[in-house]
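For reference, chains read A, B, C, D, E, F, G and H in written order, and residue numbers begin at 1 within each chain.
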Amino acid sequence: MTVGILMGSDSDWPTMKAAAEVCVEFGVPFEADVLSAHRMAVEMIDYGKAAHERGLKVLIAGAGGAAHLPGMLASVTPLPVIGVPVPLKYLDGMDSLLSIVQMPAGVPVATVSIGNARNAGLLAVRILAAFDEQLLTKMTAFQENLAEVARAKGSTVRDGAAELRKS
Amino acid sequence: MTVGILMGSDSDWPTMKAAAEVCVEFGVPFEADVLSAHRMAVEMIDYGKAAHERGLKVLIAGAGGAAHLPGMLASVTPLPVIGVPVPLKYLDGMDSLLSIVQMPAGVPVATVSIGNARNAGLLAVRILAAFDEQLLTKMTAFQENLAEVARAKGSTVRDGAAELRKS
Amino acid sequence: MTVGILMGSDSDWPTMKAAAEVCVEFGVPFEADVLSAHRMAVEMIDYGKAAHERGLKVLIAGAGGAAHLPGMLASVTPLPVIGVPVPLKYLDGMDSLLSIVQMPAGVPVATVSIGNARNAGLLAVRILAAFDEQLLTKMTAFQENLAEVARAKGSTVRDGAAELRKS
Amino acid sequence: MTVGILMGSDSDWPTMKAAAEVCVEFGVPFEADVLSAHRMAVEMIDYGKAAHERGLKVLIAGAGGAAHLPGMLASVTPLPVIGVPVPLKYLDGMDSLLSIVQMPAGVPVATVSIGNARNAGLLAVRILAAFDEQLLTKMTAFQENLAEVARAKGSTVRDGAAELRKS
Amino acid sequence: MTVGILMGSDSDWPTMKAAAEVCVEFGVPFEADVLSAHRMAVEMIDYGKAAHERGLKVLIAGAGGAAHLPGMLASVTPLPVIGVPVPLKYLDGMDSLLSIVQMPAGVPVATVSIGNARNAGLLAVRILAAFDEQLLTKMTAFQENLAEVARAKGSTVRDGAAELRKS
Amino acid sequence: MTVGILMGSDSDWPTMKAAAEVCVEFGVPFEADVLSAHRMAVEMIDYGKAAHERGLKVLIAGAGGAAHLPGMLASVTPLPVIGVPVPLKYLDGMDSLLSIVQMPAGVPVATVSIGNARNAGLLAVRILAAFDEQLLTKMTAFQENLAEVARAKGSTVRDGAAELRKS
Amino acid sequence: MTVGILMGSDSDWPTMKAAAEVCVEFGVPFEADVLSAHRMAVEMIDYGKAAHERGLKVLIAGAGGAAHLPGMLASVTPLPVIGVPVPLKYLDGMDSLLSIVQMPAGVPVATVSIGNARNAGLLAVRILAAFDEQLLTKMTAFQENLAEVARAKGSTVRDGAAELRKS
Amino acid sequence: MTVGILMGSDSDWPTMKAAAEVCVEFGVPFEADVLSAHRMAVEMIDYGKAAHERGLKVLIAGAGGAAHLPGMLASVTPLPVIGVPVPLKYLDGMDSLLSIVQMPAGVPVATVSIGNARNAGLLAVRILAAFDEQLLTKMTAFQENLAEVARAKGSTVRDGAAELRKS
């Protein structure tokens, strides 16, 4: 496995699944599991410590509220850890964001936008792509495709504008 | 030892010392040490797991930014853990507060006000006092004294007001 | 009674009930009542002053907005007071949180996460457990069970991941 | 006395004094004292309950952090209570503001801007002036004077602008 | 008329009506109207300037977003102005609150909690009651009734607790 | 074309359309298109660089989250750029607002309220009207009409008040 | 005069002067004065109403806290109004920003970054430049110069980096 | 060069230099330069587009306020981009953080804590280390050293505690 996708509970899967889908999209081997900083502290540390020896290159961790999983994993692995702030019922994910991004000097977490596990997946792919010519080409193509899709959406707006002008 | 006071770095000592001073004030045995969630994860977990067996009754943990120490300790000890949000250079401790207080259901942290280690110490004493008649009497006396001091401060204000009236 | 659960209105009961349920779960005697800081100030103070004499060991108080109940109770009892920030219609409980947690030096309130009365109950149990071997064993078992449940949830995620890989 | 100015500690006097100065300015009899919600709960309630019988017409209360004094006073007096959010070391008074202004339906506090005890004094005078022709005339004159002063300040700006144009 | 209730649009009426209902409840004569700071600036100023001459004693103004009505009215009347921060679609009324409460020294607005026009009405009644023995008695009765109602709500909670204990 | 209305995706059109409707209302020629800072960076820069040469006088750009379109356009055009903070699923548009308004010295963006594309359109018209007597007259009439409409809404409120009085 | 620069007090001049300096820099005639929404409401409205008749094309208004000047001016002039959120002692200008930018539909204020009067001046110049070929050329040159200066700053960083490498 | 460190101005160098120092510490070749999104848009895009062809593996970009550099670079390079929110004079870097982290799906930025360029450097090293056994060993040693240093700091706290006990 190349990418490990971790989360505190299966209730995070609907959010975190988007990271896994990116891996599938780019043909990157991944594993996904529940690993709770607050309920499985020892297993979490064991997982983190062993990750690079098992061949993993990047870890993605999603958590909400007092979100400790990404930072705790980063503290025990030398690998890059990507944190996804999962928004809970209150505060719109602002607590999750600050709990993940505001790590002290020495232990970085690569934080992406609130609830945006897709970007966590894409960041993992970029990291791998920096050392994999083929993946780099795929990422470039993916970005070109983003542009195509954006351009295509222009017609909806231009048509809407044309209609307004007639009215 | 009855109370354990933990912090991520010796730079937190000037803030956290106030908790220790309360212990001295109330004659409660305590220990204080550096225990970093992000730099000494395994030791932190070992400390937490063994705390109640060593006779500790309450843990106090101070941390700033993405403040994981109180919550991580709470996840491995059955004892009550009091969290002190230590304010860092930016955000006035709001990140520390949310990282400590917003714990998921199952693992509570008793959070006190930003930078207020004195209150963490007093909360620890209240917890002990609930099961210690003598300490309870001391706490009641302490509170009565707070009132005395507050009352005494009234004269400054009354005098200031009198002066203003004359002007 | 060992634990007193107070709230400003019966509209807080659906939130605060979770604290009572924890007491039932752990076999801890509790009482629950409406006690409004803003509508029953004198009764509130009387309740707080008499609490420890009636054998109560911990008070749990829930309140929203300009949430004064936990802090006012803490000012008249020597017992530990746990505050639950109840979120109102606006501001997602941020006002409730700050009104409860930001107590001045001298009068601590043990604040838990927004809307999380379950954690208030668990914190009360931890406080009692520190002085009750049997309860401590129960709390340790409870925590081990949390881990079991979390581990069990892993299969949902692993299955979801497996399915994605096939697609 | 007509106006009562209360605060939790003499350390609030430098801030709250501005309210007293307004009273002097407008010739309104006032008293000022320390009255701590968290340290003198019973006295606070006694003061609030008796205030209108002693002839007081308006109460002004300043408090910081988990600021309970204005709201608690409002809960025991039928008089209008003006709250001044006193900013503490962290959070710029946002906690004080929310703790004072976000009162539940039934118990209003007339909140003024952060740290602005002068406005609390002026609001008290307006309240009195609504029922005192002479005071109303004074307030109108005061407002006209504000305009005069503002107008006078225009020359500084116009001169500054003229200088810039020449440069 | 004694109390004037103003708002920027009829869409604020469902919120602001609660202030009018309090006036009815306490038998206080009131008027209510649309008066937009941003759309009827001149009329607004004329209304404010004439208010006290027309016998009005208190103005209540509700506004949302960049909420200028309460502050602008306060700048042209010597009467006390009560501001109600009306929450809009975004930001939960935080913008409305700050736009109303953060008035510069010289021009106070008596701000109540977000969306709480009922409290604005009650504050107006308190202001009037300070100079009207009968109204003062009514307000005291109203407050005693608040306590009665709160006490009555206790049985719901006590019954709920009893039921939990049996389960 | 006189006004260019740009947005990062066709999903912004329902929000941004209000700017176009204002243009239609005032008879101002406009164009609207998708132009994504993050997906079409080069085209965006080309569009911005050429805008004034194509006769455009004002650009309106809407964006959400890390909203870079308005600021990036402003960096490559000498024309005034109006930014509309589009609120996304979390944070109520606060991230969009700060990403747009907090531009460094040298490159201003004229920011309007969150989600308020109508105001962006009206601001564009004001800019044009400053140099177009006829448009200025239209804008003055529009403002007078706002007042008319606001005045008309008064009857709803006055009727509602009358009804309350009778009840 | 082409640009009017207004502020509530001469204490805002040190901040607002930067807008005037831009006018000087670009040879744009301007006037600057104190005009207080809260202390000179009638004059403010008179100024706003007459502005376009006096030949002014753009108004710049700076204000802090409950900042009403920009929005009130915008409500009485058909000209574009640029708002500068002036930061006060508390809240870092967040109150000023929200009070200025969150205007209701119908009355836009072109808001620039907190304390950034220089950008207000540059935005005014852009507005004028859209209708003045010569000014447009100047603005383009100004922007090219910004790039030159930025490029020149690169050597400091490159030299710093080189030095680090040697160490 | 392996790592590119970019910033909008040489005034960011004192903050961003910490990232360069990490590169020196770990023997990672790096370049550092000024590259302003708002003043050198075209060069920025050219730099981003060419980065991977020049052999760069990771980009680090620091920016403040409406911080567009990290996100804009990420939009034109397939490489991982690390964003450092540089705090400006107001808002404590909250605007910088949100402008960098809240990127839309498709274009991730790996955001680190406010003002923490050291962590950006360490994250870059982790990314490289995932594909470089030797660097991985260095990172593991670095982390072990962090623990050593933290442990060593414990004596300061333990001594401080001992002293308090004696007093």
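Remarks
Operating definition for what follows: a contact is a pair of C-beta atoms (placed from the backbone, for glycine too) under 8 Å apart; a residue touches a chain by one contact, two chains touch by 3 or more.
Everything numeric here is computed off the predicted structure, so don't read it as measured data.
Listing every chain that touches chain C and chain F alike gives A, E.
Centroid analysis (C-alpha atoms only) places H farthest from chain E. Ranked by distance of CA centroids from chain A, the top chain is D. Taking each chain's centre as the mean of its C-alpha atoms, chain D lies 40 Å from chain F. Annotation: 33 Å between the Cα-based centres of chain B and chain D.
Per-chain CA centroids place chain C at a distance of 50 Å from chain G.
In chain H, 8, 38-39, 65-66, 75, 91-92, 94, 101-104, 106-107, 109, 113-114, 143, 146 are the positions where the chain touches two or more neighbouring chains simultaneously. Chains touching one another form the pairs A-B, A-C, A-F, A-H, B-C, B-D, B-H, C-D, C-E, D-E, D-G, E-F, E-G, F-G, F-H, G-H. Of all the residues in chain B, the ones that touch chain D in their complex are 87, 92-94, 113-115, 143, 146-147, 149-151, 153-154, 156-158, 160-161, 164-165, 167.
Those residues of chain A that touch chain B in the shared complex are 8, 37-39, 41-42, 45, 64-68, 71-72, 74-76, 88, 91, 94-95, 98-104, 106-107, 109.
Here chain G touches chain F in the complex through residues 52, 57-58, 75, 78-82, 97, 101-114, 116, 118-120, 122-123, 126-127, 129-131, 136, 139-140, 143, 146, going by the rule given at the top. Those residues of chain D whose C-beta lies close enough to touch chain B in the complex are 5, 7-10, 13, 16-17, 20-21, 24, 30-36, 38-40, 43, 65-66, 89-92.
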